[in-house]
Amino acid sequence: MALSGLFTPCARIMAHRALCRGLALTASSALDIRGIYPPITTPFTNQEEVDYEKLEENLQNYNHIPFRGFVVQGSNGEYAYLTSEERVEVVRRVRKAVPTNRLVIAGSGCESTQATIRMTEEMAKFGADAVLVVTPAYYRGRMTSTALIHHYSKQSHGDFSPLYASGSAQQSKSASSFCHDQVADCSPVPVVLYSVPGNTGLDIPVDAIVTLSQHQNIIGIKDSGGDVTRIGLIIHKTKRQGFQVLSGSASFLLAGYSIGAVGGICALANVLGAQLCALESMCLNDQWEEAKELQHRLIEPNAAVTRRFGVPGVKQVMEWYGYHGGPCRSPLLPLTDEEIKELKKAFTANGWL
Amino acid sequence: MALSGLFTPCARIMAHRALCRGLALTASSALDIRGIYPPITTPFTNQEEVDYEKLEENLQNYNHIPFRGFVVQGSNGEYAYLTSEERVEVVRRVRKAVPTNRLVIAGSGCESTQATIRMTEEMAKFGADAVLVVTPAYYRGRMTSTALIHHYSKQSHGDFSPLYASGSAQQSKSASSFCHDQVADCSPVPVVLYSVPGNTGLDIPVDAIVTLSQHQNIIGIKDSGGDVTRIGLIIHKTKRQGFQVLSGSASFLLAGYSIGAVGGICALANVLGAQLCALESMCLNDQWEEAKELQHRLIEPNAAVTRRFGVPGVKQVMEWYGYHGGPCRSPLLPLTDEEIKELKKAFTANGWL
Amino acid sequence: MALSGLFTPCARIMAHRALCRGLALTASSALDIRGIYPPITTPFTNQEEVDYEKLEENLQNYNHIPFRGFVVQGSNGEYAYLTSEERVEVVRRVRKAVPTNRLVIAGSGCESTQATIRMTEEMAKFGADAVLVVTPAYYRGRMTSTALIHHYSKQSHGDFSPLYASGSAQQSKSASSFCHDQVADCSPVPVVLYSVPGNTGLDIPVDAIVTLSQHQNIIGIKDSGGDVTRIGLIIHKTKRQGFQVLSGSASFLLAGYSIGAVGGICALANVLGAQLCALESMCLNDQWEEAKELQHRLIEPNAAVTRRFGVPGVKQVMEWYGYHGGPCRSPLLPLTDEEIKELKKAFTANGWL
Amino acid sequence: MALSGLFTPCARIMAHRALCRGLALTASSALDIRGIYPPITTPFTNQEEVDYEKLEENLQNYNHIPFRGFVVQGSNGEYAYLTSEERVEVVRRVRKAVPTNRLVIAGSGCESTQATIRMTEEMAKFGADAVLVVTPAYYRGRMTSTALIHHYSKQSHGDFSPLYASGSAQQSKSASSFCHDQVADCSPVPVVLYSVPGNTGLDIPVDAIVTLSQHQNIIGIKDSGGDVTRIGLIIHKTKRQGFQVLSGSASFLLAGYSIGAVGGICALANVLGAQLCALESMCLNDQWEEAKELQHRLIEPNAAVTRRFGVPGVKQVMEWYGYHGGPCRSPLLPLTDEEIKELKKAFTANGWL
């Protein structure tokens, strides 16, 4: 995935980098991303064109829900099916439609480092408060810890000393490695890592996360794998960096909080957003018993809109809840009648419809 | 795995069944198995014979730890390497060595239903309070929900009506299906299901668990898979049966409690038993913050004695803690020096050694 | 991945479709693709720009090898890291550099159907003789047989009657389903399916392949999975359609021929092309004993440049053989010294270096 | 799995070992195992007792088929469900029922090394010509190359020098490591390794196979994984040892021969034995075209009696072909009517019923 030829990449990057080196590595780590986010869907017309009006209407309908913000172009946004221009335009529209006190976290990941850098810059330019950068995965056999670290950062394992933040060592290094700034080095906004093995077939290894957590411009991770042991370990080993871990699915939101996660980016928030915010509130206020009861009732609906039926499932349920769901882009097919029945049952059986 | 020809199976079973039908299906569901259990290891001499003295000494050394009981011949007991006679004898010895207020839960699973029934009866005869019955797995391609349900119970999906407990329908059915009682129908003591995909490559499907939870003599499950979403769903869907779920590993003990599990059978309890009991206590007393801190420090040691180094790892650490670890049976090899160093680091880095 | 905004998609597609309906569905099935192909790599400068001169030099160096043709932008071409413009331009350059009696098969797959259609058209316009269309995979949980069939063809399972080729039923259907032509319906050149589970985590199910083999514009498949049972079954079940199966790796080239495959698209052909053509010749001339000896010596080198070291491995060995290998695009890293040593050993140990 | 207490293990082993050291390590490598074998099933009565009469009748019915011999207690023999006594008795009966010019290869693998040694000795005593020893797998996380090598042989990687066969170095080593002879060191008959990942979840790594191929008493392997690349590599790297590789399934029998395998142990041979022997003959006589046509028609029936329906599938088809199939032991269930229909179709659609 790559931006069009509308601008000459290299000159732009060079200019921007000169700039961003000053910006990116300073105050960004302060961004607090705690809370609940829906990874919003992208509505399409029947001709499979992006329907920006419906997108904006959905956002207005989410206004009364105490979300911390919105994730644009997570997997639920069908980002893999959008052109580069569409990806940027969707971010621009969302930023304009959403109140400034809500964060917009934009999925800017592409397969190549270069394309990811450009997409990150574009999305930041159009108002993303942070970017969510999925692991590249096509050549997953070579996506070792070293390669993944290198995608996000020019630093390597050994480089992250306790003195990292001091700046001077940092700069002298930058000088000697011209044109090798990587995604997080160069991003004008903070970077959130994104590990979604269900789609990518790849987990960022914990050691790579720990290394990357020491980068000033990498502030957290969305982990969709659902392995709370792993999530607990990440939190344990990045404690000193104030690294923020967000659960990537509603099914382990409670367990995530219990182990130290600070929020969640959950497909289910597209339709049961208020309930997920309620669950967050219970967890933060030590109402674990109530939280447990609520969590239990969310597991089946969540499975239905993720593993079982994916984006077409989310969009179908959105229709039931008064949002604009609509069709997906091909090759994603709409659900069959049989599937819709099964989907509905997952909600009715738990008292949600 | 099967008992020797010391007794003629069929007559015995028939006699016993006549008896157990009265016993097994009455009060057993009352057995409360909440709490922490070590799945104890089996010490061997250098000639790989079972060392019963060391086994008993280990049990005495565990006396001051507030365990709910002991699991004999979980995977950590190397049950797969014991003869049928040894399996029964180990249970007999443990029962004698352990105070009566501690439960002895014995792993009686074999590949065939017939062998499992016999082993269950023998272990019950020698004092097991309950049996832990692992899923048969060699022909895992055919171990469907239906086959697994049938291994444990002669009832099928449809048979479990809300009126199940009433007894009369039950009996008329039994009468017509002579000699087809299955493991839980016939066990003189309550049955705990055991799902350990790391060893068996097989997860009992949730729907099979829900069906089996309605059997009066099946009181719970040890789930070692570590998927808290699944565990939450099991708890949610078996709520009415009072089905008891035990976490099968220390790494997700806190998360398990947060979602409704009632205890844990944890390899790590062989060496950090007091700490796991402390964690249990924190969870039960709503000290979630302290629990979280403690849980974090247990993840790496736990990984080291399970996924990473298995039973030889547990036995090595037992030596450091003053218990009898000793060699495993072949083909399990002792750890190399390099592995021992890595193992030690997992404990020292978290303040345990 | 998508083409830039340089043209307005919908009008173009409509116009083209009117045209291609006449073209595409006639004689294209006659294209004979039997033979050996290297999936060529894309050389980059040190600044990671495509180096078209080196690309052309490589092609000239391949001139003396009796390849049937060249695959441009298979996985080895790092197509996932190229912009849409680069993808098309590489095809254009290759077509110009390669004698007309050699086929150019261009990888035109994108995640969305729409983008794949456009890319296919562009590549055909610039001279591709056929396109190789990888399965979309990001939402692999929803990429069922039905969805995959629908990506390639507007026909569904039931539609492919024995009378399919007659044309009239076909046209009346087209008329009623405006704007739903899919990749193969609309491609101006024949389509070769591409199943590469190592990269996509997805195998096209055999039933979907059988259905698609009945489409007049789908002439074969490159199967990189290496399961000869599956390959044999595909050949068996598509016999009547004259469907052509190409082995996707050199490691099972002999076995593929023995079971009915008609050629291979093999990463190893980038460096041991003459040897693979010799192996082809032995298989076609019933010299199975010699073929076996040669095949044996190719397994380790092949593993080294595929599963083990991937594209950076291929490019490294190209350097040893006098071709232009050079760097990969980030995040693919160059091999370490240790890896290079291991790579070399795979070739020397088998007498190739 | 272990033998009963009918004999005192240690004394017996010691005595036997003194004996076998002379026997086992001499001429056994000469055993030629080329050819086709059915891994025979074990018939049971309706009460799930072994039905020895029917077993013998099946063997008589196989008499006219030019099998090289019979494999007793491969996975299809439900060995995992037999007691130790039954396992030995079945071997004894088969040996008596089968002409002496047919080989009897007996599956003697157990989880522990000790139990495997005893079972091997018993089966050899009752007439097995060779033993087939499956990889232990319950603790598969620890079943490294080193552990697997150690299960079969007291030698380690480094010990196998080119001079290995000389004997003297061998003996001095044995003297110093009392009581550590492993399965192949001590077996009175040649050992065939058995890798069946579908049941065990474990593949013996190629490097372990290469090391073990140098053991004088390890003469071959049955590989059921179906990866012909791996099979080719094994053959390539054990060429000098005259190591014999048998394909573990009929679906890749032709491909196996093409790459150098010398035969097959195939579930399908229980019902289409003559056809598999015909396929063997075609491959050995360079009738590759005919072989291909025949192989194609065997893939679906083979899948039906292995991956799809397993042992209950084989037994069902045996009934159709006039052999005694009958029930499996629980928990293996008989096929449903629906499954039987699907099974039948796999045979009729390919012209076999």
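By written order: A, B, C and D. Residues from 1 in each chain.
The criterion applied here is as follows: contacts are C-beta pairs under 8 Å (C-beta built on N, C-alpha and C of every residue); 3 or more make two chains touch, one makes a residue touch a chain.
No experiment lies behind these values; they were computed from the predicted model shown.
Asker: Strictly by the touch rule at the top, which chains does chain C share as contacts with chain D?
Answerer: Correct list: empty, since no chain touches both.
Asker: Is the contact between copies chain A and chain B built from the same residues on both sides or from different ones, judged by whether over half of the numbers are shared?
Answerer: same
Asker: By CA centroid distance, what chain is farthest from chain B?
Answerer: C
Asker: Nearest whole angstrom, what separates the Cα centre of chain A from the Cα centre of chain C?
Answerer: Comparing mean C-alpha positions, chain C is 33 Å from chain A.
Asker: Taking the mean of the C-alpha atoms as each chain's centre, how many Å separate chain A from chain B?
Answerer: The computed centroid separation for chain A versus chain B comes out at 39 Å.
Asker: What is the distance, in whole Å, between the centres of chain A and chain D, each centre taken as the mean of its C-alpha atoms?
Answerer: Computed value for the inter-centroid distance: 51 Å.
Asker: Touching two or more other chains, which residues of chain D qualify?
Answerer: As it turns out, chain D has no residue touching two or more other chains.
Asker: Which two-chain combinations qualify as touching?
Answerer: Listed by label, chains in contact pair as A-B, A-C, B-D, C-D.
Asker: Please output the residues of chain B touching chain A within their complex, sorted ascending.
Answerer: 226-229, 232-233, 235-236, 249, 251-252, 254-255, 258-260, 286, 288, 292, 295-297, 299-300, 303
Asker: Report the residues of chain D in contact with chain B in the complex, numbered from low to high.
Answerer: Spelled out, the residues of chain D in touch with chain B are 1-6, 10, 47-48, 75, 80-85, 111-115, 136, 138-144, 146-148, 150-151, 179, 182, 198-199, 201, 307, 309-312, 329-333.
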